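The first chain written gets the first letter, and so on, giving A, B, C, D and E; residue counts start at 1 in each chain.
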Amino acid sequence: MWSSLPSFVAVYPETLLVVVASVMALVDRWITRKAVFTWATIVTALLALALVFLTQGTTFGHAYAADQYGVFFKTIFLLVLFLVALLAPGYNQLLGINFGEFYALLMYAVTGMMLMASTRDLILLYLGLELMSLSVYVLVGLLYAELRSLEGAMKYFLLGSFASAFLLLAMAFLYGLTGTTNIEAIAKALLAANLSANKALFLSAALFVVAFAFKVALVPFHMWSPDAYEGAPTSVTAFMSVGPKAAGFAAMGRVFLIALAAAKTEWTQLLVPLAVLTMFTGAVLAVVQTNIKRLLAYSSITHAGYAVLGIIAGTKEGMAATMLYLFLYAFMNIGAFSVIVLMRRRNFLGENIFDYQGLSKTHPTVALLLLIFLFSLTGIPPTAGFIGKFFVFRAAFEAGHTALVILAVLASAIAAYPYLRIVMLMYMKPPEKEVEISLNPYIFAGLMFAVTGVLLFGVYPGPVIDFARACCTGFLP
Amino acid sequence: MEVALRTAEFPLLSAIIWLPVIGAIILLLLPRRDRLIRWFSLVVALADFALTLPLFSWFDKDFAGMQFVEKHAWIKAWHISYFLGVDGISVLFVLLSALVTVLCILISWEAVTEKVKEFHIALLLTSAAMMGVFCSLDLFLFYLFWEAMLIPMYLIIGIWGGPNRLYATIKFFLYTLVGSVLMLVGIIFLYLKAGTFNILEIMQLGLPYQFQFWLFWAFFAAFAVKVPMWPVHTWLPDAHTEAPTAGSVILAGILIKMGAYGFLRFSLSFFPVAAKAMMVPMLLLSVIAIIYGGIICLAQTDLKRLIAYSSVSHMGFVTLGIFSLEGNAVEGAILQMINHGIVTGALFMCVGVVYERTHTRAIKDYGGLATVMPIYAAFFMVFTLASIGLPGTNGFIGEFLILLGTFASKRWAAVLGALGVIIGATYMLRLYQQVFYQEVNPKVAGLPDVKMREVLALVPMLILVLLIGCYPTPFLGFMHASVRALLEHVHQAAGTTLPISEILKEGLHVVLPS
Amino acid sequence: MIPVSWYLVLTLFLFAIGAFGFIARRNVIIMLMCIEIMLNAVNVTLVALGRGLAHTTAHVLVFFIIAVAAAEAAIGLALVVLLFKKTREIHMDEFRTLKG
Amino acid sequence: MKYVVWIPLLPLIAATITLLFGRWYIRRQAHWLPCIAVFTSFLISLKALFDVIGGARANFDLYSWVIADTFKVGVGFQVDPLSVMMLAMVTCLSFLIHVYSIGYMEDDPGYYRFFAYISLFTFSMLMLVSANNFLQLFFGWEAVGLCSYLLIGFWYQKKSAADAAKKAFIVNRFGDFGFALGVFLVFVTFGTIYYEPVFARVHEIAHATVNLFGHDILLPTLIAVLLFCGAMGKSAQFPLHVWLPDAMEGPTPVSALIHAATMVTAGVFMVSRCHEIFELSNVAMAVVAAAGTFTCFMAATIAPTQFDIKRVIAYSTLSQLGYMFMACGVGAFAAGMFHLFTHAYFKALLFLGAGSVMHAMHHAPDPTDMRYMGGLKKYMPITFITFFIASLSISGVPGLAGFFSKDEILWSAFASAYPWGKIVWLVGTLVAGLTAFYSFRVVFMTFYGEFRGREVLHGHEPHESPKVMTIPLMILAVGAVVTGWIGIPHVLGGENHFAKFMEPVLGHPHFHLPHGWEEKEALLELLLMAVSTAMGLLGIYVAYLVYIKRPELQRLVPERWPTLYRYLYRKWYWDEIYHALIVRPTFFTARAIVQGVLDSIFIEGVVNGVPDMIRRGGETLRRVQNGVVHTYALIMATGAAVILLLIYLF
Amino acid sequence: MEGLLPKIVFIYLAVVLVVTSLLVVTNRNAVHAVLWMLVMFLHQAVLFITLDAEFLAAVQIIVYAGAVLVLFLFVVYMINLRTELKIHNFTVFWPAALFVSVALVILAAQALKDFRAPQPVGDMTPEAIARVGHAKLLGKALFTEHILSFETVGVLLLVAVLGAVVLTRRIRMIRGEGL
């Protein structure tokens, strides 16, 4: 029993975000210069990042620890926030999305994710997840003038709540078995009570698998994601294709690798078929898409399939691989979405892949950037995508999942086709219609930042690999 | 096999690899003035070629190990280093790559008129990646270059290619990607076993046979597609047919050599026991490629397609030589790779010359060209003869050594392989007759003969054809020490081979979750 | 004392009924209510477990679940109203513009 | 004796210069350089010949050609009686034909090309005969094949010429296939392919066997038969003889030089060169004898039915080559070489004579058709006389070159220790008669009787050829008479210098006379000589009877035995048989099976089928994503249920 | 006898909960469904009381019955679809849904046979509740151990408010949106 309040140092970054978000939401009506919000978000993201590193190692009671594991994920989230803040202004301006609310909701969502990444308590994990989810539901529906935005939000909301119920059930059973919601304590209790062969524990693990599989969009719990991605404003799609997914993986790492370490064989066996299904379904479905947002949605499903390989490996290397994968994925995926954002005009969606036909002729720079992002998504060296894939495959292989890796590489070959198709349209077909693109400095900076990341980490990933591994060292034995 | 190293004082190989990349970056910044761009890339390519010349003269032919070695730590976390070096097996390919790049720029001078800047950037990047493949002594670095080359090549075929290029590029890309990713699995496995990507260290690993067996096939997937071996050859005719001339020349000249080079550098030295055990299937596939590729040539009606299928047949000779595991044959195979690069590259250049004038590749649209374009016909004749393997041309030396060596190791393979020589003469002469002899086809009447620029690109090839044909000793001289060391390594490798059924059972055991 | 398993079975039944309703009912408001049923099912278990363990955490969680459920209901109903205003339709299976 | 290097080198230089600059700079003067080069080569060859007669020998490498792992071979020269004889003969004939061509090719647009090619050919042939290893032999072997290809297809605008060139090359490739394998086997057996060490150690493998398809085969047999495959191709022996008649599409000097005098005899030369290997194997010798005998007979039956003057001579060449192989097949290699030597002159003469006739007839649509000739002797006396001499020589009329060489072959065959000697003799004697018959058939149809070609010549009169053509004819005519005199057998009081000269290289045949005749060897030889001479004279008489005296007899065979006649006229249907058995099936396989089924349906089916499957799978899965949120929920719940089920499965 | 009464009470409550929830799920009329749900919540509150969780029972009634259900009712009335009564209110694949739900129950129940609760770990014994009071115990836990979660819930509710405001605020619809 505590006699005094714990130190709040550990949650300074989150506090900062919440405060700035709330202020933004409040003053939205009175500030007409929208750039202020963008700048505020960028500065906040950078400040929060600095705080994340400064508060590293601090704890907040038993519930929360700003450990290295969390630091890495928070870096990803803030990176995502930074990139999305850069890509959003033009698009939001064009479609009349309120900057203040938009950025506020983004920051709330990021707060939720950060809580998920650093939590040591299932309750806080649930609340962080809900905070993130609720913010994202609203973000998806922000473009309520468009039916598809609302429809996407509604579907995402319904299915998300449905999945939350499974998560709660899983947590309830786990709590019932161990008498605690603290993640480390659960692990200890499971070992102490020798529950590693208990069917009820497996049930709980299975329900966790269902819930997290929904969050990171593993097949067959992925079905919300193409619809939500397509319906959402593209700036939000960019955000939710990386952020919540990474948060889901962060939570997965905490729950599966720490809390449920005793049932590792079981949840591994549950995740393996999901991973295989995910990689192939995502790849196969991406092949037949003509809407680029939807295509990237399926692509992100496939990528989740790869990322989960690191969790399946269940080792320090595996977790580091997943983390690195997500980090690199942020650069390339948001980069790709930035280009899609550029295509949008008031009366022109610019989402059909045929809209990209001949882009290399009309806008060579943009086409080249998209080319690089797409090849990175394909996993062709010397781009970051290859490094990520390599690390993940390596970790899974090391953990003995040979067949899984072979299937993964085959899936990656199938998955290459949709990206190639877009490149093909951009570079090998003549332009059919005039496509107008107005680069604003923000998005240009974002694109440059992303492409630099993709290429730099493609040829010199050493430091970031070391970082990811170091972040896992304290996390896993 | 302990591989000796000889470190370079000057980072020559790095300079060779990165000069085109720097050139490409500068090109990116240059204004879109076609003449400027062409001249600039030509200068870069020539400079790069000039840089490779010291390799030729400074190379110590008696030294079996790696020379011009550079090694720097790169990704420490995975023990990856930036590790370059060449030996007698790879040095000639670096030279050839540089030469081919120069020639490709020359032959594209007028053929490529759209997106000139992009074209030359892609060309230079391809060239850099190819040379990187041949110089890498780190498996990761190797794979990086190996895959990186796909992107510019994909663009070269897809943007500047023929009418059906989209299908061809996708096929090319996916085919090679499927092969490569399987190799990636193998590479990861090797890394986990060896704890390093250092090729020279992995060579000494001495894995048990069941591992070697599986890894052999994983690497085989990548190399066989690249070579291409039967039955994974069908991307090649499509890619060749649709590629612009420069693309075809690079494909034929260098790209498909990378597969055979991979067999030599990796399959043989990493998995010697498996290579020995898989010798017969490999020889069989090679023989099938030779004969199948030859026979199918007889049915072709498209100039480029015919030459492409002939590549399948010729590369069958190369793999035949490699997997005969006999010194003469392996040297012959390496020489034959160079030869095929020169000859088939030159043939594609020649086809490009008329294609630029007529925009048709159908054989029936030609006829009597010897009357119309006699100089061109003479060039084509020499390359045809080299392709047939007439003594005095380079093709003969390679094929002869391959068949001779193969005969010493597996007679039936040499006998069947030699049948390919007959078929080769049949389809090439048939082609030559239909295109150059007989009455002048009105469609080609009055075509201008080759221009100076085209002659300039073809003459080096012609000289090489005759030089290697009449005096191959300096070229073969590069290889003796390295090939001998390699084959000693292969033949000394110990390991009990298991029956396939046993291997499969064990493999399933490993792969399936318990 | 009533065994914990009784509560667990009750929970399962309620949860399954909620899940069935969620999948089977077309009316989006009913679907939302079904989610509430599912959450309440979990609450039953948690309270029972909390009593068995004599532990406050379970009760805290239940308290939070109720709060979150309220927040979810607010967002969900807001979306329902918006959708209805736009389309005069509350049957979720009629919304099929996003598919494939 | 390093100077022999210049013998092949000079023609090569001439050829290269002519080829490079002929088109623009040399043009009509293209003949000078090759002629001078070949003539100089001829002089050097003569010097070499006299040096060798004086006892000099040489065997040296010019430079290392190929050095691979264990395989080392150079470009080298072996100067011994055999090669020096060939050098002298080739340069001599080549020079004469060069000169002849100045006239014959006068107005051809490809003038420079022609001289470059035959010069190149001369180089190749000289490399072939002077080689000191198998690889260089093979180089020459293929190079002459190339020149033959280029020259047969010299008038490439004509489809028939292009076809014939291609056919020659490809048929030869079949032979080379065997030859190359033979060389491989030599290398694998001996570890080297230089003649000297190979032939020195050849007796070590006399009894070695090699297992082939479950049968033990004598190693020398295998080597010899494989090498002989090459000879069959190059020397147009059955079954690879089909290319030679078609090769007549080339200019006539080419036929004379390549397809009569030199290149086609390379097979005989090679067999003689390797006689150490052949002699170790009775089977191989039998194969050689059988191929020679059969070809000899077959060609002799076809020749009388043909009307194309060049074709008749081509078949005659086939037949004479058969004689040479008959000699080799009974171990009389020197006799074979002797016939090769004499044949070169009279056959070249026959061709050049025919060329001269064609030159006269060149306004006719088909200047080779004998049915439009006749009575030409009064228009072109020199041609007539030289042609007549050559025909006498080939018919074996005593005193002329052909008589001596042919009789030596027949005698060697009859006296041979090999059991098939008698059959060879019998066929040889029979064919001697046929040879005389068809040779004089040509003479009578061409030069005697009335001129039948006025309507096709459209008023042009046939005329004698210019001096530049007739002088070579006259020189060759001398050769057709006197070359035999260097090999006059002992029974006729000669010394047989030729055989003696060759003996160090070729040895001498083993005789095994019939029982009871051992003492009366000379008598027997004379008797046989008489028989063959009688056959020859009989042939001439029959020809005279049929083509001068009683022309109606010409229709006898076609009307009495039309099937037989057609069979012979269509050259035993070999072309048709090959077409049906090899060419058509190959192309059918290529188009229909390999291209049509295997590649496009089978392999491409898989290649395109997998992506199609993926696409179709995608389209199907796509329908599951139907936009209805309940479906999604149901699938989620089902997934959850399946996952719960998995708990029990594991 | 002492053990029997709570069991009877539990069985009653359980039956009512299941029946009312089934009625919610199956009822054609949304208003009726909401009302049945109210009944269900009330019974659940009673269940909470039997489990010594008085404060939660109060929250259940105040928040759920009092606020959330009213909100639902409000929306139902606002929408007020008459046609609702005439058309299908189940999706076509409801049998599949039923099957899956039953399967879930069976499978989970099988697994839960293994369920073993640990020994009591906390201090929230019935005696403590009786002595200190449920609300106070809960409050103490909330404001000490779970303070961060509590704060998070606060933010979450803020987001909910903000979200609801953002979504329902009427702003100019963009013209020409046929998209």
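A few comments on the model shown:
Heads up, the rule we're going with is that a residue touches a chain if its C-beta (ideal position, glycine included) is under 8 Å from a C-beta of that chain, and two chains touch if they have at least 3 such contacts.
Keep in mind the model is a prediction, meaning the values are calculated, not measured.
Centroid distances from chain C, each centroid being the mean of CA atoms, peak for D. Of all chains displayed, B has the C-alpha centre closest to the centre of the whole protein C-alpha set. Comparing mean CA positions across the assembly, the chain most remote from chain E is D. Annotation: 96 Å between the Cα-based centres of chain C and chain D. Taking each chain's centre as the mean of its C-alpha atoms, chain A lies 26 Å from chain C. Between the CA-based centres of chain B and chain E the separation comes to 69 Å, rounded to the whole angstrom.
Spacing of chain D relative to chain E, judged by their CA centroids, is 102 angstrom. In chain D, the positions touching at least two other chains are 611, 622, 625, 627-631, 633-634, 637-638, 640, 644, 647. Each of the following residues of chain E touches two or more other chains: 91, 93, 97, 100-101, 104, 108, 110-112, 115, 117-118, 121-122, 145-146, 149, 153, 156, 159-160, 163, 167. Shown for chain B are the residues in touch with two or more other chains, namely 174. The chain pairs satisfying the stated touch condition come to A-B, A-C, A-D, A-E, B-D, C-D, C-E, D-E.
Touching chain A in their complex are the following residues of chain C: 4, 11, 15, 18-19, 22, 28, 31-32, 35, 38-39, 41-42, 45-46, 49, 52-53, 55, 57-58, 60-61, 64-65, 68, 71-72, 75-76, 79-80, 82-83, 86-87, 92, 95, 97-100. Residue ranges of chain D in contact with chain A, taken from their complex: 611, 614-615, 617-619, 621-622, 625, 627, 629, 631-633, 635-636, 638-640, 643-644, 646-647, 650. Of all residues in chain D, only 628, 630-631, 634, 637-638, 640-641, 644-645, 647-648 touch chain E in the complex they form. Those residues of chain A that touch chain D in the complex are listed here as 154-155, 158-159, 162-163, 166, 199, 202-203, 206-207, 209-210, 213-214, 220-221, 223-224, 226-227, 265-266, 269-270, 273-274, 281, 284-288, 414, 417. Per the touch definition, chain D reaches chain B in the complex via residues 23, 63-71, 135, 138-139, 141-143, 146, 149, 153, 156-159, 161-163, 165-166, 169-170, 173-174, 176-177, 180-181, 183-185, 187-188, 586-587, 589-591, 594-596, 598-599, 603-604, 607, 611.
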